[in-house]
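So, here come the structures, one by one.
Paired with subunit B in one complex and with subunit C in the other, subunit A is shared by the two complexes that follow.
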Partner chain A sequence: MTLLWIPLLSLIGSIISSMTGKLTRNQSTSLSLLMPFIALCITISFAPAVFSGEEVRETISWIPLLGINIAFRLDGLALLFVFMIITIGILVIFYARYYLSSKDSMPKLYSYLMLFMTAMLGIVMSNNVIQLWFFWELTSISSFLLISYWWYKSEARKGAIMALTITGGGGLALLAGLLIISNIVGSYSLDVILASRELIQSHNLYEVALILVLLGAFTKSAQFPFHFWLPHAMAAPTPVSAYLHSATMVKAGIFLLARFYPALAGTDIWFIIVSLTGMTTLLFGAYVALFKHDLKGLLAYSTISHLGLITLLFGLNTELATVAAIFHIINHATFKASLFMATGIIDHETGTRDMRKINGMWRYMPYTATLAMVAAASMAGVPLLNGFLSKEMFFAETLHQQLLGSMSWIIPVLATIAGAFSVAYSARFIHDVFFNGDPIDLPKEPSEPPRYMRVPIEILVALCLLVGIFPNFIVDDILTSASFAVLGGYVPEFKVSLWHGFNLPLLMSAFAVTGGLFMYTQRRHLFTFQASLPPLNAKKAFDNSIYVMIKWCQRKIGAIENGSLQRYLMLMFLIVLLGAGWPLFEMHELVGTKELTPVSMHSAVGAALLMIGAISTVIWYRTRMVSLLMISVVGLMVSVAFTRFSAPDLALTQLTVEVVTIVLLMLALFFLPQRSPKESSSMRIIRDISISAGLGIVVGSICYALITRPFESISNFFIANAKTGGGGTNVVNVILVDFRGFDTLGEICVLGIAALGISKLLINLPLFMPGSDSEGRPWARERYPILLASISQSLLPLALLVSVYIFLRGHNLPGGGFIAGLITAIAFILQYIAHGSNWISERLTINYRKIIASGLAIALLTGVGSWFFGRPFMTTWFDYFDIPFIGNIELASALVFDLGVYITVVGATLMILAHLGELTANAPKEEVNI
Partner chain B sequence: MTEWIISILLLIGGSFVLIGSIGLVKMPDYFMRLHGPTKATTLGMASLLTAAMVFFSTSQDALSVKEILISIFLLLTAPISAYMMIKSAIHHKLDSIERTQGKDNIEDDV
Partner chain C sequence: MELLYAASVGILVSCGVFLILRSRTFPVVLGLTMLSYAVNLFLFSSGRLSLNSAVVLGHSSEYADPLPQAFVLTAIVIGFAMTAFVVILAIRGRADLGNDHVNGQVPENKVKR
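Let's turn to the complex of A and B:
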């Protein structure tokens, strides 16, 4: 269970920190740090096992039939990422304490950050691809919340929407890819997928699946041409950027590449796509970063460029390249997080991020400047720092590939150029900000930040140095075990060390550094050249494409969904007609083998009445009241039919539902014209009649075919087990409250939701209230006739008595909670009719919402109750008792459940009718008196 | 003996219901027509319910009183329905023939 606690603790932390609004900032921060800290301790406790080559797994079976389990695993790669996510998360939380101004809501940021942390932890630890995808989507959503943290800023909202659209779209592609892969392998389990490399790669859908998965990874990791969301995401607060763009969000795509490396990599198509994308992104990002005046913009493009570097390493066809990729993941996370935090300090202290204004900061904040310069040097790949080591490995690996055949020598050259650019922008970051004259028009007088704001940067910079000077000592274990996981149980001989002797990679580094410095000194010419290029506005293109897409969708939707109910009905019926009618043509014989029962006089008369009622409803549909009366005839006849065919429960239900429905319709009709004009053209009538006749024929034929064939149903099981298993002789009721109790619980939930929805829709609904009927007669002056009022009042106790009787006998004789609830509801509705809702609301001060809620609670708790006896949810219990004066009676827990059903039905029915009735209670009175 | 009682009650009830229904069809105006289903039929129903009570009391060895409750319901609600129907008929100013009695008692509703 412990493995599960790592993401769970972070989720709990998210909830806890969202509730710290009343506490001081320090308290809120310490509370928020607690849970990730415990999670970190748990992770560390797993480290020795993972380093020794073990893979820790935990599975909770959820829907085993569908192979869906909640499964976590912790191998070297996951451990590395968990470490990074939690450690940098803790540092970011600590840093944000000093970064946020007093106006910003701290609990909100912490809660979102931890939610994001949960999502990331879920991705890296999932052992089930659907679960992985779920957390993947959760990162998209939580990053949306984080980027739009300053929701009142337009650019924050737009940046958040852009990030969500791009990464969300990539998420859909990923889902498709994962489903294809799971289909090929026949399992959702990551273990199985990673072990079935040959099976996946020999399948003819391999290319499709690969491209879809890569789309997911590339959108998340901001690879060209999906990179443009990342600079716009810089509208987020800097701690968020530090977290999202160093160790987490963008690394999720890289993680995906690493995770599926054993299963998907190794083919030509993988190497071509991944390496070319990585190369393009690396160059493009490094080039653009140089020209950004915004500090965070520079870091954003540098992030893109470094992500491209890692992607390129995954695409190089050597094992050592993969090791280098993982190493660079660690290094990039450390120096980029510290750089973002340093930028945050500069922004915090100067009030701007524009490098044209910020100059000479060395004099104002020497300490911060030193930290930032070390981190920036690491980004540039200066020796003694971790960035140098992985860049050296990268250069070495570009020399060992044959991707482009005889033109492969281009790749090291391009890599050196990209390296030069990265030196150039790092030099700009250092020189422009900390030296280069005096600051220009700063909004604030800069100074050193609060002492503790620098602590996270100090830790990260110390790591940069330590890894850079003693690489074997610090990262050997984790790098080996992560590479072990990515390369599928094989680690090549590698030695990370500071000094490899004079060799080609060192020469490339030297070229990059001198070239980069030269480029920076000559930057004026480059800037002029860049300014002469046509501007490329990714945001505008994105906005336009989104606009076009929305317009297109609106047109298509408008063509189908035009607001006409008749049209929807027609479309639905046509589909039913096609779907249900087609198989009938393939059936040879409509009449089955079963003997027909003789038609009795009663049945014939009933059927005739039913038909007459139905046809009359249609004929008089323009005179709505007559139509309503006719439809009530139909309902009544259905109820009689149920009685005739020995279904008293159904008959009772039908009868009560019929009463409620008619009252409801009467209320609704009040707001409608009493006569509807003749609107349909003759052609339309022909069309409608054909559709409805066709549908009638199809449904009738299906019914006839069904009832004339012998078929086995499960009714016999219920009849045999109702008394012995459920303790009741009324099979219908035992099914409702016992055998299918879970269904009933769902149904009453739906009923409650529907009632709430209807009442919400009705509140303040402006409706036209006619002052007179269709012939101009005003409404009667006496609204609530006294005779009706007093008699209905005296009927109430009688009706309640009946409903109690029906309820209590339900388990053994026709009745039960549902019917009793309807009877009670009808008794109250009669009071509403006779007295008006104002009179009732003075006397009956019950909140129907609470009634529904308590009904549902009773039903649910009865179900939960069986857990205390060690039984599955909703197990019922019954026994017989001797009670004085009453005799031997049976008590069943199902009766309590039925009580819940009863209360919910009463609450829901009354809620709907009372709210609709209240609308009529305020009918215009003035006109009545005219 | 019980069979005789039940049969007689059923016959009485049946004829009342039949007479009420004939009245509903045959009477010349709304106000007269209303008498059939409300008065005659209610009485007929009461008689039928008594028959049911006798039948179930004798055949199930226990006094069956449910029918009394049903009768009370019926006797309470039928007059009220008739009252409400007449009220709306007056409100609607339905036509009546010369012979219809009690028209002088109608107060002008509007």
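Let's turn to the complex of A and C:
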């Protein structure tokens, strides 16, 4: 379990920091540092095991059938990244304490930073590719939050959106690539994938998968041509830049290259794509960095360039190049983080980051200047510093490849040129900022920063020096174990040392340094040359392409979605018509082999009535009252049909529902126009008739084909077990309350929700209350006819008695909770109609919401009750009892469940109708023309 | 008999769909009601048609298929809940929008009655 704690602690830290708003800055910082610190200690405790070649694994089974597990592993590579992520994270948190002004929210930054830390830890430690991808996307999202930390600044928002778009898009490509790879090897486990190199590379989808995975890696690590989000992400606070662009976010892309190196690398296509991308990025970044006047802009392009260098090393397909790449990951993280932090101090103390204004800082902050200069020298690759060592290894490796055949010499030459540029921009960073005359128009008088703000930089610069001077002593173990992991269990002989003797790489370094310094002294000419080039504004191009894409989508959406529901419905019906109609043509015979039932006179008359009712509803559809009457005929005939075809329960339900529906629709008609205007053109009528006729024919044919074919039903089970298992002889009711009681529970929930929704819809309803009917005749003055009132009142007890009877017999004879509930509801509705809702509310105050709730509660608790007897949810129980005077009687828990159904149905039905009815009684009478 | 039954279902579907395609809310509600009749009859018929064989144990020698019946019973009640909701929505729409056109506004070129 301990491995899991590393990301978990960081997540807990994120939550804790978000709650430290009330504390002082120091308290908040110390509290925030606590969790990463514990995580670091745990990581260190794993280090000896990992260094000795062990891989620590932990798996929690989640959805084992789909192969989805929460799986973590810690090998050398992961350990190296975990170290970097947590250590630099701790330093950044500490640094941010002094960087943030009192206006900025500290808990917010800390919380986002640690969320990001969690995501990064998740990426490097995942042993399941889906999980890896999940954390990958989490870094995109949390970096979005971090970059847009100063959300009120336009460039921060834009930069954040750009970063999210590019890296998120790359993430989707990565997902596709990972899915293809998992499909090839048949597992989501990273262990399996890394061990299946031959299988993956011989598969014909290898190229596709490789390109997709590389797209993910390149967008994240800002490789050309996806690099442009990184400079715009500089709108973030400097601690964020220091964290994201030295050790974490961009390194996630590099990590991906390293992680999948054993499975994907070694082929020609890998070499071509990876090394060419890396080389282009290296040169491009180094060149552009020289011309940036913004300090952070310079560092941003320098970061791009160094990422290109690492990518190029991975692309060279040699073992030592891979070792060099891993070494440079460490070195770049240390010197770049310290440089960003130093830039933050300069920005903090001078109020600007423009190198044309910031000059001569040596006099104001000599201490910071020294630190920054050492770090910059490391970036340039000056001896005695760690940057020199990995750069030297890089130069050596460019010499040791034969990948471009006779043109292979071009790689070391280009590498030297890139090296010269990086010396030039490092020189500019040092000379322009700390020397080169006096500062110009600074917004603030600069001075040394608070003492502790420099501590993180001091630590990092000390590391640069220590690694640079005693490389074997400091990094040997971790470099070996990380290379061991990347190269798949084999480490070449390598020796990192300061002095290799006079050789070609040293000469290249010398060329780079002198060339770079020369370039810097001649920078005026270069700047003029650069200024004469056409400006290349990536942001504008990005914005434009996004704009064009959105416009395109809007046009397409506009073409499909014009706001007319009528049209959508028509299109959907058309699709149904085609989808359902097509298979009919492939059927040989419509009539099945089942013996047909003879037509009887009653059935023919019933069917004729039903059809006439339906057609009349359509014919008089504009006279709404008439069509309502006609549709009630249809409903009635449907219930007759159920009776005829041996479904008494259905017939009863249909009949009662029909009554309630028609009353409801009549009530509704009062609030709606009485007539529909003539609107449809003749063409539209023809079109609609064709669609509806077509659908009718198709559905009718399917129905005919279905019912004339014999079939095997699973229902024999229910028939056989209804009495013995469910204790009832009415099989339909036993199915409802017992076998499939869960369905019924869901259904009464739907009913309750619909009723609640309706009562909410009726709140504050501005009503059209016609004073007369559509012909202009006033409503009858006698609202509640005395005859109806007296009859309905005397009917009420009778109706209630009937409903109790229907309810009780339901288990054994047609009836049950639904039907009884509807009968009760109808009995009450009749009272509402006869007396008006005011009359009712004077006599009876009912909270229908509570009724629905209690009905649902009874049904649910009956189901839960079976748990207490150690049975699954909704197991029913029944037994027979001898009760004096009444006789032998059956008691079943299903009856209690049915009572819940009954109460819910009563409550919901009455709530719907009574609420609507009350509106007519309470709303002020006003004449509205319709 | 089967043919008559299927024809009835077909007619109900046709009428229902035609009404659903109308432009005012009330006919659409009627259309939905009609379509739910058709759907219920269709689902019910998947147990095939049988006469005088209600599934009450001991009351007849052979039994109809009880499962579609139980499903359709549920469907009828849910259909009612849906109809009620839609019709109240129509009232609300009329009250808030000032017309009962399904698109929420009466087309410009059409004469308003």
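Quick notes on this one:
Following the convention adopted for this analysis, the second predicted complex is superposed on the first by the 575 of 930 C-alpha atoms of A that agree within 3 Å, B and C clash if a C-alpha of one lies under 4 Å from a C-alpha of the other, contacts with A are read in each partner's own complex, and residues count from 1 in each chain.
The rule is simple: contacts are C-beta pairs under 8 Å (C-beta built on N, C-alpha and C of every residue); 3 or more make two chains touch, one makes a residue touch a chain.
Fair warning: this is a prediction, and the values are worked out from it, not measured in the lab.
In the superposition on chain A, contact of A:Val905 is made with subunit C only, not with subunit B.
In the superposed model, A:Gly776 makes contact with neither subunit B nor subunit C. More residues of subunit A are in touch with C than with the other of subunit B and subunit C. Looking at the shared chain after the overlay, A:Thr617 reaches subunit C, while subunit B stays out of its contact range.
Once the two complexes are overlaid on the shared chain, A:Leu788 sits against subunit B while remaining clear of subunit C.
In the superposition on chain A, A:Leu798 contacts subunit B only, with no contact to subunit C.
In the superposition on chain A, A:Gly887 makes contact with neither subunit B nor subunit C. By the touch criterion defined above, A:Pro534 lies against neither subunit B nor subunit C after alignment on the C-alpha atoms of chain A. Contacts of A:Gly757 after superposition: subunit C is touched, whereas subunit B is not reached. Subunit A meets subunit C in the complex at residues 563-566, 569-570, 573, 594, 596-600, 603-604, 607, 610-611, 614-615, 617-618, 621-622, 624, 627-628, 631, 634-635, 638, 641-642, 644-650, 653-654, 657, 660-661, 664-665, 668-669, 671-673, 675-677, 679-680, 688-689, 691-693, 695-697, 699-701, 703-704, 706-708, 711, 713-715, 718-719, 722-723, 729-732, 735-736, 740, 743-744, 747, 750-751, 754-755, 757-758, 761-762, 765-768, 812-814, 818, 905, 908, 912, 916. Listing the residues of subunit A that touch subunit B in their complex gives 777-778, 780-782, 785, 787-788, 791-792, 794-795, 798, 802. Contact residues of subunit B toward subunit A in the complex are 69, 72-73, 76-77, 80, 83-84, 87-88, 91-92, 109-110. Contact residues on subunit C toward subunit A in their complex (touch as defined above): 1-27, 29-30, 33-34, 37-38, 40-42, 44-58, 63-67, 69-70, 72-74, 76-85, 87-92, 94-96, 100, 102-103, 107, 110-113.
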